[in-house]
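For clarity, chains are labelled A, B and C in written order, and residue numbers in each chain start from 1.
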Amino acid sequence: MLKVENLRFGYVPSVDIFRHVTFTINGGEFIAIGGKNGCGKTTITRLLVGLETPTEGRMYYNGTDITDMPPSKRGQFIGYVFQQPDRQMFRPTVATEVAFGPESLGRSKAEVDCIVNEVLEKVGISHLRDAYPPTLRRGEKQRVAIASALAMQSKILILDEPTSGQDGKETKDLLLLLRQLHEEGLTILLITHDMEIMAAECTRAIIMGHQTVAFDGTPDTLFIKSADELHDLGLTRPPSVELSLAVPGLGYCKSMDELRIRLLAQLEA
Amino acid sequence: MERLVPLTKILMTLAISAWAILLRDWQSLLVLVIVELIGLAVFGILVKQYKAIFALFTFAVFLGIVQFLGSHDMVSAIVAGLRMLSMTTVFIALLGTTKLQDLTAALVTQCKIPYEYAFMFTAALRFVPDFIGESKAVQEAQACRGLSLEGNMVKRMKSYASVIQPLLLKSLGRSETMALSLELRGFGGKNHSFAASVGLKAVDYAVITGLVVITIALIIIL
Amino acid sequence: MERIEDLVYTHQQGGQFRWVTVSTLLLALGAILHLVSPSIAGVTPNWMIATYCVAILLTRPSYGQTLGIGLVAAFLTILTSKSAFPYGNLLSEPGGALTAALVTRAMVNMKWKRIGGIDITSIVSGFLATVVSGGIFVTLLWQVMGLPNNVYFFVIWPMVLMVAALNAAITPILYIPAQKLFAKRGMLPTGDEKTSNHSHLTILPERNAKISIEHMTYYHPKASSPTLENINLDVHDGDFLVITGPAGCGKSTLCMAMVGAVPKFYGGRLEGMVFVEGKATTQMDIPDLANHIGVVLADYDTQLVTMTVREEVAFAMENRGYTRDVIEARSREVFKQVGLEGLEERKITSLSGGQRQRLAIASVLATNPSVLVLDEPTSSLDPEGTAELYRLVGSLNKEYGITVVVIDHDLHAVLPYANRMALMVQGRVVCDSDVATTLRYMYEHDIYVDALPSVFTTYMQLEQAGYGSDEPWLSIESAIKGLHHIEMAKAIENSVHGGGTHA
């Protein structure tokens, strides 16, 4: 669906953040993008949405070359939720904020209303439609940002560190929402530092490191690598994997829930 | 230039401005401007601040043209342009070679400007890049949500307006946090001190004496 | 001597520096709007004038303060837009500011200040301030540069009036939303709230602690129900106390009470008392309290107010009049403590979020407080930054003996360093004990369980299923030990049980 080939980029002409970046994102994937601070994980997504232009390489969406397409056009198939959602809000109410995207695309008033109602319902913030976004709680702001991206009716949703700064409950609710959107057919790219989320929620992990893609595969093949190898990429094993390795015969557990169920089963046996 | 304390540089700025007003013929004003530019070049500011200097040149030319249109006198037009240029170029030297911290200390301890205002000045400068970042973030969010700014003037105005309001409200929200932080950190206390040392040194006295001599000489000659 | 339960203290909302911070931030805004402003037929509005008009309308500074605001605006214009005639600005901006203040005062009681339901004060002050400021500027230019009279009267003045007309339009665009926000937050000057005076009372704490909060109840201004209710909590020397609880439980308010900002900055009504080093906070000023307790606010970014790292650390010391040598020595010490050595000359805007957080800590440590309070310090840090922050705070607590109070909802990273944890629900402290006990309380009473580290939750679930460990799982290491313990117990049970059937 979305294919990048041999991308190269640096904010300063002579200093590359990364080069030789090639991967394909297929419909229905739930991808984690990880790596150390400064490895370029946010940068690569900025290239995908067109906020930066690669120094080399091409990008394709369903076979069409989109390398030179401006972000305003790409918004129709890629939605972006920035790291600090409150920085991307600029309208007086939640409903008008969410309506900005479809309005810019030139949809009619009736269509816009219909889309806004639908996405507010979908992310569960219909009751906040007249609220002033900056006064909302962090988790609610995050939902407004997601609704705004969904209102573009895009096929791919990119979220930059959506769980940072959220408390346990907000994180849990957010993951529930993302899981539901994924089941409805949305492709999700999640930039995250949270190993538990990477292991438990994602179907694939793309790890940036050594100025290129350092790993691309399933989380379970990633987390059985040695602790040193993981450390080198700025990763750690999530607790469930670490603990499952400590119990012989338990096998790889992607979440603490799975660990508990298997452990109890083993103990009862 | 870097070895002079800010007060000397402020006095130098005032002196050169006074000379620019005292000198009435275009030849000596031209000499003054050239000397200033050489000074800037020697202290390496000319290259760093070329944009600002270019802007001043543009304004000087503009002023010269206005003068010419009004008076139809080429000489007075050139004098006006050069006078403007010589008065403003020295500000670039002042600002380009002085650390803000030192300038603040000089303004408060030597020019007797109340500390609150010196503080407001530097604190405002501290937040300028943050606000630019914030406005960029909003513009990026708008671009990702389908706003294209090509060509259309009305659209641009609308987008500008939609950036201003959240910036304004956010900065007012921050003002409360900042006010609390100032109280917590003892702002407004009576015994304010400065970490920067801006007392006059021998070289400063020498330069100031030179400035005074030249100024008095010009007043007598002209 | 007073009975602590009977003490009541009210304070009006808002500190004494609102005019400083509102003007500062609005002028900064004016500077950037000026840089990026679109122009109408080559004429742009003067955003700087518009922003100081708004600041003056909002905060009603004295005339002296008004002149100062104008002077700051002049300096900013000279520095950011390379004014072509700096001396002009130094006179014109204070003139404009003074005009705005005069108009604001004059129009307060005027009948005709509303036209069609709209308050026209901002329009009038925006227009007149621009006319006066622009007038002073061009008149000086005319005189000093010897401009021809016809140019001055028929070219330059019409331009001044055009800009003034544009400013008459943009000033209300900025002012109306700002005024609404101020009104909503109760930040407009009203003067109807009273401030109590406790200086004549003898107030002694019941308990002996570094900070002791006794029978404390707090109402926000105009609130009918309390935000905090009958709080009794002590912070002892050397503690690392974590205060947690669901959003809106009052944990941040409680931490503001420890430094006197509740109620001295936020206003409202305090019952009972908060003592710091045995002294009642209502008998101390905020800066004096800050000598004992350093606070890093949740929005630590806004707490940083200078250009460079070095100045930031010197700031609080300069305000207290420390000598140059002391400032230098103390700065060196705190840079070492927080690990910012080598970054002293960096601009604050060039620092990363984690570094700014460290700098905020360094700047409050500069005046050598014995307690460090951090309000939601990790809310804008990633897990790596969070771990680093707590390593730092942990070392300040262990190696330098600084008492630490942390308000946080991310419990995972802080656990290894904390020795106490208090849980708050709806304005009350419901549990205050060692970390494991409070976590267990949360789990067993089903309070804010989503905040529990997943490892601890699993420990509790296993215990409920009949598989207890000998110590609580507060880290991966203790969890591995616990797992081995469970397996061992099971193996023993199996062999006993197996042996039993055999016999």
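Operating definition for what follows: a contact is a pair of C-beta atoms (placed from the backbone, for glycine too) under 8 Å apart; a residue touches a chain by one contact, two chains touch by 3 or more.
Values in this document were obtained by computation on a predicted structure and should not be read as measured data.
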| item | value |
| --- | --- |
| Shared interface partners, meaning chains that touch chain B and chain C | A |
| Chain at maximum distance from chain A, centres defined as averaged CA atoms | B |
| Chain with minimal offset from the mean of all protein Cα atoms | C |
| Gap in Å, rounded to a whole number, between the CA centres of chain C and chain A | 31 |
| Cα-centroid distance, chain A relative to chain B, in whole angstrom | 45 |
| Where chain B touches two or more other chains, by residue | 165, 169, 173 |
| Residues of chain A whose C-beta touches two or more other chains | 84 |
| Overlap residues in chain C, where contacts from two or more other chains coincide | none |
| Residues on chain B engaged by chain C in the complex (per definition of touch) | 17, 21, 52, 55-56, 59-60, 63, 66-67, 69-71, 76, 80, 83-84, 87-88, 91-92, 95, 100-101, 113-114, 116-117, 119-132, 135, 153, 156-157, 160-161, 164-165, 167-169, 171-195, 197 |
| Contact footprint of chain C on chain A as seen in their complex | 37, 84, 137-138, 161, 164-165, 167-169, 171-172, 193-196, 234, 239-240, 242-243, 246-247, 255-256, 259-260, 263-264, 267 |
| Residue ranges of chain C in contact with chain B within the complex | 14-18, 20-29, 31-33, 35-38, 65, 68-69, 71-72, 75-76, 78-80, 82-87, 144-151, 155, 173-174, 177-178, 181-182, 185, 187, 259, 261, 265, 286-287, 290, 295, 297, 299, 301-308, 310-311, 314-324, 327-328, 331, 348-349, 363-364, 367 |
| Chain A to chain B touching residues, read off their complex | 49-51, 70-76, 79-80, 82, 84, 87-92, 100-102, 104-105, 134, 148-149, 151-152 |
| Chain B residues touching chain A - in the complex, by the definition given at the top | 134, 137-138, 140-148, 162-163, 165-166, 169-170, 173 |
